[in-house]
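Got a structure for you, written out below as structure tokens; questions coming shortly.
Note that the chains take the letters A, B, C and D in the order they are written out, and that residue 1 is the start of every chain.
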Amino acid sequence: MNPVNYLYLAALLFTIGATGVLIRRNAIVLFMCIELMLNACNLAFVTFSRMHGNLDGQIIAFFTMVVAAAEVVVGLAIIVSLFRSRHSASVDDASLMKL
Amino acid sequence: MSFPLLTVTAALPAVGAVATAAVPAARRTAAKWLALAVSLATLGLAVAVLVRFDPDGDRYQLTESHSWISDFGVRYELGVDGIGVALLALTALLIPFIVLAGWHDADPLETGSSRWRPTQGFFALILAVEAMVILSFEATDVFLFYIFFEAMLIPLYFLIGGFGDRAHQGGEETASTQRSYAAVKFLLYNLAGGLIMLAAVIGLYTVAGNFSLQEIAQARADGSLHMATSTERWLFLGFFFAFAVKAPLWPLHTWLPNAMGESTAPVAVLITAVVDKVGTFAMLRFCLQLFPEASKWATPVILVLAVISILYGALLAVGQRDIKRLIAYASISHFGFIIMGIFAMTSQGQSGATLYMVNHGISTAALLLVAGFLISRRGSRLIADYGGVQKVAPVLAGTFLVGGLATLSLPGLAPFVSEFLVLVGTFTRHPVIGIVATVGIVLAALYTLVLYQRTMTGPVKAEVATMPDLRVRELVVVAPLIALLLFLGVYPKPVADLVNPAVEHTMSDVHKTDPKPDVEAAR
Amino acid sequence: MENLIALLIAAPLLGAAVLLCGGRRLDAVGHWIGTVLAAASFVIGVLLFADMLGKAADHRAVTQHLFSWIPVAGFQADVTFRLDQLSMTFVLLITGVGSLIHLYSVGYMEHDERRRRFFGYLNLFLAAMLLLVLADNYLLLYVGWEGVGLASYLLIGFWQHKPSAATAAKKAFLVNRVGDVGLSIAIMLMFTTFGTFAFTPVLGAVDGASEGKLTAIALMLLLAACGKSAQVPLQSWLGDAMEGPTPVSALIHAATMVTAGVYLIVRSGALFDAAPDAQLVVTVVGAVTLLFGAIVGCAKDDIKKALAGSTMSQIGYMVLAAGLGPIGYAFAIMHLVTHGFFKAGLFLGAGSVMHGMNDEVDMRRYGGLRKYMPVTFVTFGLGYLAIIGFPGLSGFFSKDKIIEAAFAKGGTEGWILGGAALLGAALTAYYMTRVMLMTFFGEERWRARPTASPAEPDVEPAAEERGTHAEPHPHESPWIMTIPMIVLAFGSVFAGAFFGVGNRFLHWLEPVTGHEEGNSPVSAATVTAATLVLLLVGVGIAYLQYGRRPVPAVAPRGSLLTRAARRDLLQDDFNHVVLVRGGEHLTRSLVYVDHTLVDGVVNGSAASMGGLSGRLRRLQNGYARSYAVSMFGGAAVLIALTLLMRAV
Amino acid sequence: MTPLATPAAPLTDGLTLAAYSTSTGEAVQFWILGTVAVIGALCTVFMRRAVHSALSLAGTMIVLAVFYLANGAYFLGIVQIVVYTGAIMMLFLFVVMLVGVTAADSLKETIKGQRWLALLCGLGFGVLLLAGIGNASLTQFDGLSEANAPGNVQGLAALIFTKYVFAFEITGALLITAAVGAMVLTHRERTERALTQREMSERRVREGKHLPPLPAPGVYARHNAVDIAGLLPDGTPSELTVNPTLRERGQVRDVSREALGDLKALEQRSEERLERTRSGEGTQ
């Protein structure tokens, strides 16, 4: 098997995650989909790391994980406070971007 | 460093505008007097410019030049030639009359109306327009000119949209809808023109490397700045389009009747007699000087459009039922004459066009202001609502008639001189166009006399029967204008002498000489 | 002495300014100010005349340069006056007749509250007319030309409260404007041809120009003359112009202004001489108009309109003469002067009749007035004899000469023109006798209760507005009105003989207009005899129709020709249908086009822009997920582009 | 399961670049676990309940951790399981608990065309991405044997503390900021004293609604269970009587129909009697 297949898998997962972001209204699930996308990226980085024979790809994946953790912390906090004020976790209910 | 007379002339109304706006609302009358005083002082300065200007001296005089945005070669450059001086004087002359005629136009409305009309704002805006118009007559830096050419739209927008005619048939709501329509239309048309011009200004910069009119014109004249034919044509069209909207030339004219119809008479005068002149002035100064070859290339089309303007404006004026719209269409016809004169490329045509700008300013001001007085008495702009005014208010009718006769270019009144010069100037080079345009003078008589007949003569209508004659303030506005019309009709030489050298310069810019008469040519 | 020329114009101009700006406080004396200033102008004219007589015939022309008017490059227009024999003739006629009519108006307008204004306008007219004849170049002439048009406009519409008067005034101005277009084009053509438009250089350089251009100039001048002198096809305004007060009709629309066209043609004689084609057109126009006017004059029941038709016809004679070239110039002017006397006299007489008849103008309601208005009858009668060319009176000398000259043109044209002129003489005799008989002889029809006259419905409001329906009490007019009539009657009787005998007038004008004798195929005596015979025929027919039989108070329906003639030979109907209606449709459709098409394109593009943005606005729904879709889609597009770029 | 002693010989030879291949074991593992990962991802997206999504995601992440290990990223693989699946996913579950079940769980689309656009974009994007990868000349695989020679963790540490030290420090700052941010966002300062029970009851009286305790479910009906709404006198179910969460989930049983059926039967019976009286009226 050619390791390129890992990249194909990563692309597939990324696409599924992105589609999920677009389809789901529940902010929590939406965040999960974003995590899925990040994980897909990580897989790609790790594969590239193997491909190029150095560890920089893994370092990037590592940083991605850290940033993802930070993002989830803040994002979930936002969801909680949003839920408190609006009693809903639907992203559509926060449609204040329209005038 | 000599005294910056031109800057001061433009700065005074600007400062006056700010000062007028700062007058507290309770002291409304003080604001009016302040505005009047400032406009008169500006007139004094304009007279000083007139005196200091030597018609036979350098082309541009009283020049000032300071670096402004050095990265782009934009300079604060002022200077006037004979044409600029004449129009500057016209502007400074008309503003006091506009202020005086609009004395009560911005008074608070009767109780019960929710509309807010800041009196000081009205006069401040008028002064602001004056400052910008004066600066655009003075600017010899293309970019500087562009800024004021566009900036004057802002105060005018508020003048049109905010201070409409008090006399409106459709009630306040319709009036306000139509007012905003007119104001927005005015703004959009002129902005569209201005943006295209901006593109051309930038284009000019990329070609020439600076914005100085004199430098570019000089470089063009001595051949050091070469433009590709197509580049020159595109740039010319960019500039011309903006000026043709402002002027306005058919078919870009439709904003004018709306704007003039909905605004108060003094503001209408401001638009047609003062602001629109910037368009025709700029054709002379920028189009011909910067792009002589392209101007000659476009001449046939522009002349045809001008003739269409003349006839079309006149015919539509005949068909109008609204006094102010009628005058607006008449103005379109007259602007056709001016543009025709400019692009006839003869000294008679261009001198005539410049004189026409001055004379049209005065004559339209006289006619429109009297019409405004008339409308304010009856509260209607419809011609059909009047009749027999002559019997009730003979002085008003008389002044109206003189204004009308000036509009139809009766010999002896100023517009005749200019109109005839334009026609002769056009005829010598383009006989057919000259003859077709001559038909316009019959139509001019038609719409003027129809207007006079329907409003002033015939049996006295009941609503008109108690109409008071002109008051002292109104007479003070009209009488000097009429006197000036008569004077310039009989003795236009001073203005002609002022303008002629400048026109000669322009003619040499476009490398044109007047055609020789047959008899001389045969010899 | 020539410095006085400007004063000629300045005096009435001052009067106009003072009277029009002076306000109500001048109401009491305004008419005298006007009259005195008109008379002052006349006195100056006489002084200048005396001075001129003292000089040799070839050195009589003087000029006065006032100031440079419009100096632009090659275009140099000066305010310069030129007084030569031709303009001198006009100056005396204008100021003389003008002063008399001022005097007459003092009485005629006595009860009009706006009398001061009337005199202001009259003075304005005098100034403009003098400017017209004194101008040294065509452009300055143009100023006077339009100036008299303005004065005519103001005076026709003097009773502005009558819609008919206001309409007539507007019509007169507009028709004149059409003529003015001709004059301005002529001036432009002169400028391109000669580089100038002053009389002397233009007329002196005629040889250098091509005949085509000269013909064009001449035809344009003719158009101008047609407008001002009410010649076919621009004659329609003159009949309506009778809406003005009668002194105005006498001064402007009979004696002076309407003859300006003749002046223009004679003044530009050298030009016309060099353009024979144009001259032919001039004679044709003259001949057609003289018959046209005469036919119209035969059918009108309104005394002033009948006289207006007559004026048209007589000016037709003058234009015909002027078109004949040097053979006819002097006679044209001579007829012009004599016509000025007798036509002014006739109009003043008509005014006097109206004055005594509560402003009634319908001749069918006159009759037998000679007993009540003896002075008017006599002066009017002398004018009548003069106009029909009764031997010995003015008209006889001047008209006869024109008919002779027409024959002297030679060839077929000569016969046709001469024939037309002879026929015109017969018609003149007919319609003038008709006027005379209907007004002063026959039964006193005004005693009958006035009924509506279907033929002239537009005169009805006039009588209603100003007078009453009460039975009129004809009476002689006051002395202030009769004196001018008497003076003019003297002129009508003796002027012709004074000018004609020994060709005095011809020699006077010859230095300006030149003269040559034609070789007429018929002898002068034959022409005179033929004229007299036709005169008698005309008078006889009229007598049979109107003298022997009672005149019906209501006009009979009449033949087709009569009805057409009553309607000015349908010219107004033509104008109405073609020009007025057509113009209305044109303007209305243009207004529509402006609103829907020109404005519509702009508004339409604005609306479509608005619609588009309305659609686009829906994309902006505020849902974060929608925005995410666009981002995602954008990313997809970017990838696609990247791949494409790689592939290419 | 431990992979892949990559043959070093082909790597030294530049001519045999395309020949790099993994062991058969890894291939088998890839195809099986890859399928699981994709199914897990799809479940994450399409499961109606947030809890189910979270569990599916956790599964996918574990699979990914295995792939990391297979690719020689031993440290990351462990971190993925411990930190990601262990900590972050737990955080998700806590929030799901906190928020409870909402209408947002419904898969029904509310924005017109959103779903189709999203699927279209996703499909297009995926195809393009896959095509892009396929087009890329990804032929050279070096393998990590050399880089991992001193040990994977040591290798990473060497990089993090030398080359990426700034990024590392900044990431630390980011984490602290995130923690503080989360606190700020969720923390509510109590600015006033907590109400006593008495005060709360007094307020209820003042407001005048729900004066008594909320009605128990099903008390007015014949059924008596928490998922059955009590019926009001007119036979409609009362919103107040059931738990909102149950309502959101649609797990409430509606017995109002039965009451209506009863009512109908009752009416039918009474009609029979009324019909008699009505016909009696008709005869009078």
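Operating definition for what follows: contacts are C-beta pairs under 8 Å (C-beta built on N, C-alpha and C of every residue); 3 or more make two chains touch, one makes a residue touch a chain.
Note that the structure is predicted; figures quoted are calculated from it, not measured.
Counting only chains that touch, the fewest steps needed to get from chain A to chain C is 1. Listed by label, the chains that touch chain B and also chain D are C. Farthest chain from chain A, judged by C-alpha centroids: C. Of all chains shown, the one whose average CA position lies nearest the global CA mean is B.
Computed centre separation for the pair chain A/chain D is 13 angstrom, with centres defined by C-alpha atoms.
Averaged C-alpha coordinates put the centre of chain B at 37 Å from the centre of chain C. Separating the CA-averaged centres of chain A and chain B is a span of 65 Å.
Chain D has its Cα centroid 100 Å from the Cα centroid of chain C. Each of the following residues of chain D touches two or more other chains: 111, 114, 117-118, 121-122, 125, 129.
Touching two or more other chains at once are residues 621, 623, 625, 629, 632 of chain C. Under the contact definition stated at the top, not a single residue of chain B touches 2 or more other chains. Of all possible chain pairs, the ones that touch are A-C, A-D, B-C, C-D. The touching residues of chain D, when paired with chain A in their complex, are 20-22, 24, 26-27, 30-31, 34, 37-38, 41-42, 44-45, 50, 53-54, 57, 60-61, 64, 67-68, 71-73, 75-76, 79-80, 83-84, 87-88, 91-92, 95-96, 98-99, 102-107, 109-111, 114-115, 117-119, 121-122, 125-126, 129-130, 133, 138, 140-144, 146-148, 152, 155-156, 159-160, 163-164, 167-168, 171, 174-175, 177-179, 181-183, 185-186. Residues of chain A touching chain D in their complex: 1-9, 11-20, 22-29, 31-33, 35-36, 39, 42-43, 46-47, 49-56, 58-59, 61-63, 65-74, 76-81, 83, 87-93. By the touch criterion stated above, chain C contacts chain B in their complex at residues 20, 67-75, 79, 117, 139, 142-143, 145-147, 150, 153, 157, 160-163, 165-167, 169-170, 173-174, 177-178, 180-181, 184-185, 187-189, 191-196, 205, 208-210, 213, 583, 586-588, 590-591, 594, 598-599, 602, 606.
Chain D makes touch with chain C in their complex at residues 111, 114, 117-118, 121-122, 124-125, 128-129, 131-132, 135. On chain C, the positions that touch chain D within their shared complex are 621, 623, 625-626, 629, 632-633, 635-636, 639-640, 642-643, 646.
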